[in-house]
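Each in structure tokens, the structures are laid out below.
In the two complexes that follow, chain A is the common piece, with chain B as its partner first and chain C second.
On to the complex of A and B.
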């Protein structure tokens, strides 16, 4: 979990802030500050989508940092989350429709679906670890990153087509979670759905950060990501940590899918865009760097929002890609560097 | 009954037999030395005991039960602590967090506040010289060795495996390390140490075993082993006089 700050001790002050990392961060903060004054909608859009990419990317970064697995099935957890939320929310919505006086449902109706998505995500994550990765790990750790990459790509194909077989190609979505007039923040109307997405993202990321920093299990996860053998020698049962890491990461992705159901209806390929964006973020921040991924998510989202605002929506995925090409050219270890080194040789 | 009993422990890497049919016992309460030239298989043997490597043949009994091939985290919780030739702390955790992790997961009997207290005690015990919130990657070699030792002790081990703890220490640091090891032993922890610094070995160890090419070539109390012709030839060179 190398952050830029921990590496700064020996670098002279002038060079410290002229680095690519700080220039990028500074530029992003400036644009956001400007947006807050001139175009508040840019700031709000950035925060809302950024929060969700942060949930996706933090889980992806954690699984890569702790288990060295490049999870290309991460988007499918987004799909499972959104479908779970749809399934749980639909009867609640119907009940509200039939009896509009149920104000409790009006306020709290969407939450059971999100909690269910969180649980489904966790269970699927645990299953993936126990059924797929653990047997592979026991057999051989040679070419681990390549093997797990292929394995997760395969899992993705299986889940997408399994879903297609079971639930068909139709869109399963909702137009809105909370049927109330939009709020007004900084003079910009913002739907309650979007505001809630931001709240959910911030609360979840906050809890996640506290979990990693302050609890003994969180400390164990960080320890394993820094030195697997050393962690085992300190009495940490690696299998438990791997199960926990995978479950947590998948739960976060599923929660993102559930919370964004009103933007992304559940359909077989819905996970693709979130998957790629999460990978953009992780590459941008540095592989396996969790705090970096959270910051990076907001940078990518800012880039997307600016693109959508000043160019066209069609360029929304192009601009982050261009930015990532630049990053890989000039700073291959990512903006914030990475604790994961030499992973491709493992 | 001995605390640690090795019988016929063998470990091969492909065609190379790194440890071949090694048998010895470590009694509770002693400081036991394991010496031998570079590449003799000492670290491999330690890894087989600590659960990092699985022996191809033979058995390891620790504290009255068969522990052959148990994983390292089980061994740690059973009461086996280990330090590394090159200390390997968690580089981005603070010194305190490093020890805290070991206390939390290494000693299943500790809970709640007792964990943090143990971690603090151990840092004090090894006389850790820096503020405890120093990030481990900012420590120097001698400080890392103490941190490694505190980490191993935090899990409340019955047996401590030390892999070249003295390597790279200055004579002054060496003396205080010897004092510390004696204190650890008198506090009831058995020590099995792999070491190249002969002075320290002869000063501390009750008994010695000598490995060469993965095989045990001599065994006994320190003075006898040091006088053994084969040992002097294999390890100390032809004309080495003690």
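On to the complex of A and C.
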């Protein structure tokens, strides 16, 4: 996606950064390999949450790359997704409880909730673009990045507290989606929920990549992220691309919320951790870098899992900052750098 | 605001030239007598005034960074909390006077601001904002995770600042702190530092071209703002007498941010003035809708969204355009002004 050296000066820098990047990646892979042997649960948790953070972070990176919007309300889509999934899944679960012979529901029951979450996410995303960003874009593009950041901060506060007013502070969750005994892979028990989440994440990421790389709409999105004016001259309708980008990004975040409902029950502040971990991934990978965000999500998830396992869950808030400060000391433009430049760089 | 009064200055001219200062002094006068005007004579309502002045002072310190160098300190509440906890812990564990503790808290907040700023301010604005947010989250995580020292979410009881249970002395104290914050920061803005801040905030590249070392100025600005945040946090600690990690929540940053932006970025006074009606209104809403927690935050959020889209200049921007309109309307009556302008 990102072309390596855009000008001559950046060549030696890129090489130096590459080695640092590979060192970090290598270290992460080593730790994962060690975890696979010593503590398989660490590896599994890393892959499961990592897949979902990848969905969150990829959407965040895409919206930043294409629209130059640092979306602070991204975590709230996670919240809306998890609540939608809960609302849709609850009657299905009750139906299963009343009539255990419904094997179809046992297998496919959780999917309607996830699809509904995708749709709700897409609708909210489109609404955000049409109702908020478009009027602002029409009025002024001055200090666009900071203004949209504050705008989305306002959106986040409204959604969180609006949700609290509407549905209260209670936890709405499920203990498990698939009520079947855990699978055993290489002697390690893995709950079907976790395995399914990983499958969903991988399938979605795959589809997302194919969409961006192979379809004309995906190419149009990438074109806008590289050069807005050029894309416009080539006949791309910017408004359409913005609506699509925002809808897609929010749908992915909502799907993550729906899929992780058994780990993160819906409650007003549930979006905070996914939000800052996704932001952490994006800062690490370089703003606007989608493939970097997907790889970075697994590294962050590893860090998070290790912290929760060896220290205490509370330190999960502290470790990313320590880690990112170390990264920034050595590589100020993020782990993977970024060739995506937009108006905000001026 | 060019003063072009030639010859004998009439009273009207003096008023015209100093209208900003006169306006601010008038507002300060209102703030001084406000606790004696019903309904603010009641203790509960005086507490609202304290909250309002506290929010105003925070918003001024916030605007100093957000409005001038265009960096949003998203961890602002955490810096306030850092100052509060520093002062509180010093008082509880070491018996140090809160007055000294507040200064120590301010210094520590400034120091953390220095480290944060030095690391992130050479990056682009959005990185700095998000990194400040991370630092804020980390500080809150730290406070939550060392309950041996901070008592975590149980809350740390700290001694009060004044030997009284009345709210009036606290109100005048926080009002004085607001004035100090405003005067010091406004003075910095009027100095050549302020010029550099504006230059950097408006156009980084051309500021660099004219020989300004941006990082140095950005860091100075950031540290000052963080130090004032810490100092104000000290007041918070020793006014409420109880501290929980919740004071570091991002939602508190958003409250301050909303006031600062509704007041008008890059004006200092807009934030200070707007804070009073806004936070008094919000306190009223909180009391009226006490069964609906968070309704005041929805209000802040909606107001912030509306201001960002339709009135990016906030109240100060509105005042500025009113002022210009007034000047333009007055111009035909005063031909002398036009000639004085062209004359140099």
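Note that the second predicted complex is superposed on the first by the 322 of 346 C-alpha atoms of A that agree within 3 Å, B and C clash if a C-alpha of one lies under 4 Å from a C-alpha of the other, contacts with A are read in each partner's own complex, and residues count from 1 in each chain.
FYI, contacts are C-beta pairs under 8 Å (C-beta built on N, C-alpha and C of every residue); 3 or more make two chains touch, one makes a residue touch a chain.
Since the model is a prediction, treat every value here as computed from it, not as a measurement.
Set against each other, chain B and chain C touch different numbers of residues in chain A, with C touching more.
In the superposition on chain A, A:230 makes contact with chain B only, while chain C stays out of contact range.
Of the two partner chains, neither chain B nor chain C is touched by A:175.
Residue contacts after overlaying the shared chain place A:317 against chain C, while chain B stays out of touching range.
When the two complexes are overlaid on their common chain A, residue A:238 makes contact with chain B while staying clear of chain C. Contacts of A:101 after superposition: neither chain B nor chain C is touched.
Touch criterion met: A:158 reaches chain C, while chain B stays clear of it.
In the superposition on chain A, A:216 contacts chain B only, with no contact to chain C.
After overlaying the two complexes on the shared chain, residue contacts for A:279 are found with chain C alone; chain B is out of touch. Only residues 50, 52, 71-73, 76-77, 82, 84, 88-93, 97, 100-102, 104-107, 115, 135, 137-138, 151, 155 of chain B touch chain A when the two sit together in their complex. For chain A in complex with chain C, the touching residues are 70, 132, 135-136, 139-140, 142-143, 145-147, 149-151, 153-158, 160-162, 164-165, 169, 268, 272, 276, 279-280, 283, 287, 312, 314-318, 320-322, 324-325, 328-329, 332-333, 344-346. Within the complex, the chain A residues that touch chain B are 1-2, 6, 9, 216, 219-220, 222-223, 226-227, 229-238, 339.
Remark: chain C residues 70, 72, 74, 119-120, 122-127, 129-131, 133-135, 137-138, 140-142, 144-145, 205, 250-251, 254, 257-258, 261, 292-295, 297-298, 300-302, 304-305, 308-310, 312 touch chain A in the complex.
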